[in-house]
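Common to both upcoming complexes is chain A, partnered first by chain B, then by chain C.
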Partner chain A sequence: MSKVYIALQDNEESRYIVEAIEEDNPDATVIYQPAMIRIENEGHLVIKRETVEEMMGRDWEVMALHVNLITLGGNVDEDEDQLSLTWND
Partner chain B sequence: MSNRKLNMKDKYRLLTRDLEWEYSYQDYEEIFKQESFEGIKITDWSKWEDPFRLTMDSYWKYQAEKEKKLYAILDAFAQNNGQQNVADARYVNAIKLFLTGVSPLEYQAYNGFAHVGRQFGGVGARVACQMQSLDELRHVQTQIHAMSHYNKHFDGFQDFAHMHDRVWYLSVPKSFFDDARSAGPFEFMVAIGFSFEYVLTNLLFVPFMSGAAYNGDMATVTFGFSAQSDEARHMTLGLEIIKFMLEQHPDNVPIVQRWINKWLWRGYRVLTLVAMMMDYMLPNKVMSWQESFEVYFEEAAGSLFKDLARYGIEMPNYAADAIAEKEHLSHQAWGIFYNYGHAAAFHTWMPTDQEMDWLSEKYPNTFDKYYRPRYEEWRKMEEAGERFYNPTLPMLCQTCQIPMGFTDMENPTMTSYKQSVYDGERYNFCSTGCKDIFDHEPEKYVQSWLPVHQIYQGNCGGAEMEDVLGEYYKMNLGADNLDFKGSPDEARWNAWHNLEPAEDKLKKAS
Partner chain C sequence: MTIEIKTATLEPIRNTFEHTKRRFGDKPASRYQEASYDIAPENNFHYRPMWQPEKLLNDTSRTAVVMEDWYAYKDPRQFYYGTYVQARAKLQEVTESNYAFFNKRGLADRMSDEVKSKIIRCLVPLRHMELGANMNNVLCTAYGTSTVLTQAFLYNGMDRLGIAQYLSRIGLLLDGNSTESLATAKEYWMTDSAWQGLRRYTENTLVLEDWFEVFIAQDVVLDTLVYDLIYRQFDEAITEEGGSDLAMLIEFMQEWHKDNSRWVDATLKSTVAESEHNKELIGRWVAEWQEKAVADLAPLAEIAVGEEAVKASVEVLNKRLAKAGI
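What follows is the complex of A and B.
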């Protein structure tokens, strides 16, 4: 199984997004690098709107992820409730 | 529930797919003239999936937010004299290389995506290319804005667009994009959308931006991340076009495989400039070229090609050649630029003792064995007042246009040299990858505008070095070029920080 990954700018908004990712993907690895945070996981990673909203304490659109996004690896599927990354191997 | 907001998928369908219409009085082939000549067979454009389902209204909303964040920081950087807070003045030469070598590629990408977007019969692909085209225009504009502040305080920034079209080492990135833009629309998408954006862009942007962050360059970190926030969408478009072509018709598979082989190698050769920037031009090091190559190429591309295996796509055979070079590439590139430091629009230098030790640690198999002795010799010459500049012009590879300085990985002190004969003329190549690319389309690559050939043919301002560098390239000789030691950049930096020039220190000590 290959790793999917996503990297976000290290800032106040991303902090909550990362917390939400950790909650929804308990096996994911979070790596702090200069000015950025990289999260990787075997085969699959999901970012759920509901969990991010809970962490932030306010409404949040999945598309707002793009403002802080640096890079990602994997097949993307996005709708209004979540963004997921997968490899089909 | 009649006023319920549309969900994302419905909104995307209505605002993107639903904009298409049936062509009733013009032939499809007349409207999309370039769609079929490359041999790619598309049977059903409606199968195109845009994973982000971005509509134009959301696009403007989030792009505006990104711009506001960016310009607030650029203002703060300029107002606080941010140029004085970079690690040391040598760092700024990495930014000169970026502005002259990379930013003009963003402009080429803007042109390229505007063009190919028009050529596709599918509305989903057309809208995605339109957005990417606008992104690329935003990137080149914000990069020029951000770096215009450095232009007020350092040499070498003033004529980046003029230089990009003429200077010998800038023909490497320029010819890469010219090659892609003069191909058909599907090949362009594999070249730029897939190979460059999906597989290689992380190796360009992430090290540059982390490097800027580690070296106190807030302006570059910010424009870099702002550009990179669009990059995830570009990468996804690149992957989508590949999957779409492969799913549309089995006859597409060998064509796509050949393009992937070609463009991964072409792109990798352009990244030679990044390899050298990472290992030699950042005073505060982030990671070595080898380390970032392992994470962003070997590991990431490895996962990608495993995923594409179900279509019958394989990792290009040249990947093994790139991997074999990872412990040599940056050292050989810096050696070339040190040789031709009088002909570059940025400064070069010999690494300090501390930097050489870092290189030994990061490259235990190669640095001390092959490169340190050469550097120590050059340093001795420099200390004797005879800094080495190579007065001859190098032979260039016909395909990648890099001077033929790479060596054979089986025998790392021998130049790697391949050749082909076409129409009675002999052509030279640095590698099997570059030779194969030429052999497949010789009639295209015999037309390459090779800077060294052009100089010898008298097309670059005259016969003397000064005519070429000063008149034709528009370098300010004695300011933009030569060693960092003794440069006006160094003098200004020392004056800002009340530092003594290294030479005065040496004199005092002796």
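What follows is the complex of A and C.
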């Protein structure tokens, strides 16, 4: 199976998003690159609004992810509560 | 010719302060963590305070609540100065535009005299309670122990001054800037029998010495009851009577209370979960102050909303307390 991935700019806001991803996807690999954080996982990766809000301590919309987004790979399923990346088998 | 762009990675020498590292581990820390944890000095003081020589500065014995670690708390809003100011500026911007709209459209003139005088009698005098709440929260900042708590108390205290000012402005909007309503409201606060209970309660909290008891009496018990009674139930009642435009002016208080409650609940929960001693102590304080508050608020509730109003507010309080584990 291939890996899905997402890369975010390395800044104050992304840190909370990364923390949330780490909590929701314990198997994911986080790679810190210059000015960029890349997160990879086998087959599936999910970003949940609720977890990010908890980490940030304020309201957050899934759409706001795009402010810090550099690239992603995988089939995107996005709604108000989550954004998930998957590859079909 | 091909040009290869190379990137050089500069590793930071350290991720964060030593004391932050000791608490959260060696990784990049958030601004909130760096600004809030392990900041207030705890030992190696040269002098004892002259006003209380039997205790140290930041002495943990200024409250009967015992915490193994006074930094076990976390503000779910993660407010430090920067984020707090940003959040409030945002809230205030909305409120200012509401007030401007209310003024521009002359909505005060569309209210009947009965509605106006009811607002002046039941809402505007609250600004005196807010000033008491300001002093109570600032007292907690002064005598409280850890920065993670005391900063939140200070923000709460500042917010209360802001709310008192908004209440004054409601008075000014209703009386055409003559300040007459503020004088009337002060008179209600000082002499009206409906307000004497709340005034007595406020004055009783002002002379407490245990800062955590102040927090319980003010932020937990009284605020829950008053904010539910006035900003939910009275709001509904006055809307029925044709004063629905008031809602624009008190939205700040409603939003603020929702926001602040998150912190109050989290603080309460952490304290109660610490030990049986804390649980028992806080349970006793809550019961004691709740009994007083219910009796003291009853006359105001009756003129503002109706007979059953206090009961409904007590239910809201009990729900909150149950969630915190009391």
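What we mean here is this: the second predicted complex is superposed on the first by the 89 of 89 C-alpha atoms of A that agree within 3 Å, B and C clash if a C-alpha of one lies under 4 Å from a C-alpha of the other, contacts with A are read in each partner's own complex, and residues count from 1 in each chain.
Operating definition for what follows: contacts are C-beta pairs under 8 Å (C-beta built on N, C-alpha and C of every residue); 3 or more make two chains touch, one makes a residue touch a chain.
None of the values given here were measured: they were computed from a predicted structure.
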{"item": "Superposition on chain A - do chain B and chain C clash or fit", "value": "clash"}
{"item": "Touching partner for A:M56 - first (chain B), second (chain C), both, neither", "value": "second"}
{"item": "Chain A residues touched - chain C or chain B, whichever exceeds", "value": "B"}
{"item": "First (chain B), second (chain C), both or neither touched by A:R15", "value": "second"}
{"item": "Partner chain(s) touched by A:P34 [first = chain B, second = chain C, both, neither]", "value": "both"}
{"item": "Which superposed partner A:V67 touches (first chain B, second chain C, both, neither)", "value": "first"}
{"item": "Touching partner for A:E78 - first (chain B), second (chain C), both, neither", "value": "first"}
{"item": "Chain C-contacting residues of chain A that also contact chain B", "value": "33-34"}
{"item": "Chain A residues within the chain C interface of the complex", "value": "12, 15-16, 33-34, 54, 56-58"}
{"item": "Residue ranges of chain B in contact with chain A within the complex", "value": "7-9, 51-54, 58, 62, 65-66, 69, 201-202, 205-206, 209-210, 213-214, 221, 225, 228-233, 235-236, 239, 286, 299-300, 302-304, 306-307, 309-310"}
{"item": "Complex interface listing, chain C residues touching chain A", "value": "7-9, 28, 30-32, 75-79, 83, 87"}
{"item": "Chain B-facing residues of chain A, complex", "value": "2-5, 7, 9, 33-36, 63-64, 66-80, 87-89"}
